[in-house]
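Contents: one structure, followed by commentary.
As written, the chain order gives the labels A, B, C and D, with residue 1 at the start of each chain.
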Amino acid sequence: MSLLIEPSFWEIAKNYRVIMFDAFGVLKNSHGIIEGVPDTVARFREAGIASYVLTNDASRSPQEMEKTYTHARHGALIPATHIVSSGMLASEFLALKVRSGPVGYIGKEASAHYVRVAGLEPIPVDRVTDPDSLRAFCLLDDEGFDWFLDINRAVNLLRRVNIPIVVANTDIAYPIDADDVAVAVGSLANMMEGIVRKTFIRFGKPDTQIFSFAYARVREAIPDIKKNEVLMVGDTLTTDIIGANKFGIDSALVLSGNTQRSRADVMIQASGIIPTFVFDSVRT
Amino acid sequence: MSLLIEPSFWEIAKNYRVIMFDAFGVLKNSHGIIEGVPDTVARFREAGIASYVLTNDASRSPQEMEKTYTHARHGALIPATHIVSSGMLASEFLALKVRSGPVGYIGKEASAHYVRVAGLEPIPVDRVTDPDSLRAFCLLDDEGFDWFLDINRAVNLLRRVNIPIVVANTDIAYPIDADDVAVAVGSLANMMEGIVRKTFIRFGKPDTQIFSFAYARVREAIPDIKKNEVLMVGDTLTTDIIGANKFGIDSALVLSGNTQRSRADVMIQASGIIPTFVFDSVRT
Amino acid sequence: MSLLIEPSFWEIAKNYRVIMFDAFGVLKNSHGIIEGVPDTVARFREAGIASYVLTNDASRSPQEMEKTYTHARHGALIPATHIVSSGMLASEFLALKVRSGPVGYIGKEASAHYVRVAGLEPIPVDRVTDPDSLRAFCLLDDEGFDWFLDINRAVNLLRRVNIPIVVANTDIAYPIDADDVAVAVGSLANMMEGIVRKTFIRFGKPDTQIFSFAYARVREAIPDIKKNEVLMVGDTLTTDIIGANKFGIDSALVLSGNTQRSRADVMIQASGIIPTFVFDSVRT
Amino acid sequence: MSLLIEPSFWEIAKNYRVIMFDAFGVLKNSHGIIEGVPDTVARFREAGIASYVLTNDASRSPQEMEKTYTHARHGALIPATHIVSSGMLASEFLALKVRSGPVGYIGKEASAHYVRVAGLEPIPVDRVTDPDSLRAFCLLDDEGFDWFLDINRAVNLLRRVNIPIVVANTDIAYPIDADDVAVAVGSLANMMEGIVRKTFIRFGKPDTQIFSFAYARVREAIPDIKKNEVLMVGDTLTTDIIGANKFGIDSALVLSGNTQRSRADVMIQASGIIPTFVFDSVRT
C-alpha cells in the first residue's frame, strides 16, 4: 500500500464548515507564520468557512497568539476567540476546582496569564516562600526559569505538599526549525512525576478535552454544526490525528512539520493512526 | 493530616442537581445492586435530583444495564437514557469514523451490541475468515472467547491489517467480591498493544470524554445546568476522581469498593488525587 | 548510510573462539532446526570453536533442548552443558534464595523442571490449595494451563501473599513461522504485574545476567578466554544485540528471524542498537 | 504481619565473609561519612571480613571516592580497589566496544574520568564541534553543565548521529539530606530517551551486572568465596535489595536513607521486594 497524498488541500477542505488547525508545523514555525498561509486562511474566510487554532501551548495568552495570525493585508486572520490552547483548559480547571489563592509555577512570565485569568495568584517557584500556602502548582512552559535550580526546587516542593499539579502542555518536544527540536514542558513533567510519584493532571492533545472545548466554542457560533462538518488539520499523528479520530471528526495530516514526507507512510502503518486525508501542506 | 470522612452522603449530595455514579463498587457489586442503594437513588428522584451512571463497561447495552437498577418497589431507578458506558463512546467512534462494514471483536455476544448499534457488522475473532475485509477491530469485554486461542489470533490479525483498533473499556481489573478481582479487557489491550505495536484507541474514565458525553446528555434534559451543580461519585481515585477533577466537576470518593477505608488516606496522599469529599458509602 | 551485510558468516565467525547463538530465528524455527544449520555448527566444532546456546526459554530442560540439536550424521551438535536458558537463572535464584518448599507456577509440566531441579516442589496454580504455604511463584511458559481461569487465579493469589514472583522468560512474543508470532509468558507477566502491583523478578536477555552465567561456563572450559574472543549471534536487536553490547562482547545480527532484511537498516537506526556485524543467516 | 527489625547489624553481619555496602544513605550522606560508620567498618576489618562499596555513581573516580572512607584514626577503611561504581561498568563498555576516539558527555569534569580511563577522549557537549566524529555519548552526572542549553544540545545531537548512548547511573533521584532529594542523571536520561527514541545503554543497580563485576573482584581476593557468604546492605528496595536478590546473595535493608522506618513495612509489602534482614542502620 502506498500513501495517497491529495493534490489540493483547498479542494477537500472547502467542503467543511469549520477547519481546526494545529499551530506549529501547520500554520507557523519558529520564524513566524509560514509563507502563503495567510492567503489560505483568508480564502477560507471569504468562503464563509471558520478557522480555529487548537494548540498545545501555554506560553502566552490567546490575545498574544492572535498577533501571530494578523497580517498586513488580511488583518486578524484568526481572532483570539477562535484560538483554543491547552493553557485555557488548565485555566478552566484552576477556576472551577481551585478557585482562589496562590499557585506556584514554572514557565515564562507570559504563561502565568493562565493562572491569573482563573482568578488565582501566580508565584514563580523561586519566589515561593510558604509552600503550605499554595493551592496548586502549574507546569506551564519550558522557558523563563533556571532548569537546574527550579526543577530541583519544584520536585522537593511537590514531594512535600499535597495539591493539584497541573501540566498545561502535554507535548514532549516541539520543532524549532527543519532539523532541531526543543524539550517541551511535557517532558519535564514526565520526569518530575517519576520522582514525585503523584499523579499530574495533564491538558492538551491527544486527549479529546481540547476538542470538546473548541467544539463548544464552534457550537456557540454555529449552533447547527455537526461533527462531520469539521476537519482537524495537524502535522503530528500522535496528538492531532489520533485526538481528532477519537473525538469523531475528520483529520488531515500535513507533511510540513513533525511528519516528514519520506516517513509518513511508514509512520502511519507503524502507529496504526490513520488520518482521513494526507496533504503536503495547507497551501496546496 | 488525617482524612475527613463526611458522616452523611445525603446531606452533601442533596445540594447538587445531578449525581453521576460509577457502577461497580458504588451502586452494585458482583451480587447485583448493593442493599440500601435503591432507597438512596429513590430519595434523589423524589427530591428532583437526577441520577446518572458513568461506567467503564462494554459488556452489554444500557437497556440491559437498566435492569440492574430496576427495583420491585421503586421501579426503574436509573433509565437506560441516564446510563453512559464506555461502550457508547466506542460505538459513536465506529459510527462516525468507520461507518459500515465488518468489524472483528473479542468479547461476549452481548457486548457486540456496541458494534451493531453503530450500523456495523460484528464478527467474533474466531469467525473472521477474511482479515482484509475488516474495517475496524474492537476489544469489548474479557469474557465470551477463548483467551489463549483468540488473543493469539487477534494479535496476529492486528499485526497484519492496518485498521482502527478500539478498546471499549480502559480498566485493568474490576472487583468481583470483597477479596477478588478479575482481569479486565483494558489489561488484555495493553498486553496486545505491546506486541502489535500500533496505537489502540481507548474509551473510558479517566479520560474526560465520557464526562463530556454524559454532560451533553444532562444538558439536553437540564439546559441551564452548570458544572458546579454536578457531583461525580466513585470508588476509584485513578478513574472516577481524577476524571471528574479534570472535567471540572466536584468528586466524591466512596469506600465501598476499590478503595479500602484503612488505605484511603495513604492512597490520596500517595497519588495526589484529591476528591472534594469522602464518604463511607452512598447509603450514609 | 546503507547497511553493510557481510557476505560470509563463516569468514568472520571463524576468528572467534566461542560463538553464542540465540535459538529461535537463528538455529531453529517452529519446524525444528533450520536446514543447513547442522553443517554450520559441525564446521565450528571441527575448527575447535565452541558453540553455546543462550535462550529466553523455560519451557523445557537443557537435556530436552539438546535433542533439537542432535543430528543424524553429526550427533549432538550442542550438548546440554553448552545450553544456557533463562529458566536456569530462575532455577539458580530459587535454589539460592528460596531453598525449599512448595512453589506455585503457570506453564507446561516440562517447564516445572526448573523448579524441581532447584530442590523445590512445583505446584500448578490450579492445584494450589494453601496459598500461604507457597514460598515463591513462577511464570515459566505460555502453554500448559487455562489462560482465563489460571491467569485470574494467579493474579488473585499474588495480590494476597507476599512471596518472590519469578518470570523465567522476559520475551513478549516469539515467532512461530514466517508470518505469525505467539504471545510469550513475558507479556502475561507484564499484564499481571500491572494488576498485582508488586515487582516481579525477571530473568533473560537483554539483562546481562544470562551472558555472565554463560561466560562463567565458558571460562570453566577455556580458562584463558577473553571477552573479545566471544561472538553473540542473534536475530533480535532488543534482546540479543543490546545484551551482548552491554556485556562487552561482539554481536552479530542475522536476518533469518525477528528482523527482516528490508527493515534491518531502519530498525538499527531507529533503535540506536548497533551490532558489530550483520549477516543474512548463519549459513552464509 | 509486622516488620522484624533485627536489633544488631553486627551480630548478623559477622557471619558473612564479605559485606557489600551501598554508599548514599548507608555509609554516607551529603555531609560525608555518617558518624559511627568508621567504627563499624573498622570492626569488620579487624574480624577479617572484607567491605566493598557498590554505588550508582559516576561523578568521580574510585580513587576520589576512597577519600570519603579515609578516617583520621582508622586510615583508608575501604580502598579504591574495593569500590565498584556504575561508572566503572560504563568505562568497561567504552573500552571493550568503542575502544578509541572522541566521546561527548554531560556531567562534571571529574566524571569524565570514566571516559578517559577507557582510553577515549571526553568532550563536554557544549564543546562538541563535529558531532559526526563522536564514537559514543555518555550521560555521567547531573552537575557540571547548563541543563537548559546542554540537554537541548544533547537531544538534538543524539537525534542526528547513530552512536552508542551510555547512561552511567540509573538512579532517578538521590537524597541530599533528611528531607530533600536531587534529580539524578538517570531521570535526565529517561527524559532524553523519550525524545530521541533510541535505546540508551544503562549501567547500575538493580541490574545484576554491577554485582557480577564486584563479585569477580571479590573472587580474585577470595577464590573460594560462595554467594551465600556475601551480604549486600542498602537503603533502597528497588535498587540494592532487588538487585542482590536477583544476583542470589543475601540482602539487608537499612532504614538510614531512602526507606523511612515508618514506611518500610508498607513498602516491602507493596513492592513485593523482600530483604533477608532489616536493620535500623549499620551502626547497630
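Basically, contacts are C-beta pairs under 8 Å (C-beta built on N, C-alpha and C of every residue); 3 or more make two chains touch, one makes a residue touch a chain.
This is a predicted model, so every value here is computed, not measured.
Two copies of one sequence, subunit A and subunit B, touch each other mainly through matching residues, since over half of the numbers at the interface are common to both. The mean-CA centres of subunit A and subunit D are about 40 angstrom from one another, to the nearest whole unit. Inter-chain centre distance (subunit B to subunit D, centres taken as mean C-alpha positions): 45 Å.
Centroid to centroid, with C-alpha atoms defining each point, subunit C and subunit D lie 28 Å apart. In subunit B, no residue touches at least two other chains.
A ring topology is adopted by the chain contact network, closed into one cycle in which each chain touches exactly two others. The complete set of chain-chain contacts reads A-B, A-D, B-C, C-D. Against subunit A, in their complex, subunit B makes its touches with residues 1, 92-93, 96-97, 162-165, 196-201, 203, 207-209, 212, 227-228, 238, 242, 245-249, 268-274.
Looking at the complex, you find that subunit C touches subunit B at residues 146-148, 151-152, 155-156, 159-160, 172-173, 179-183, 187-188, 190-191, 194-195.
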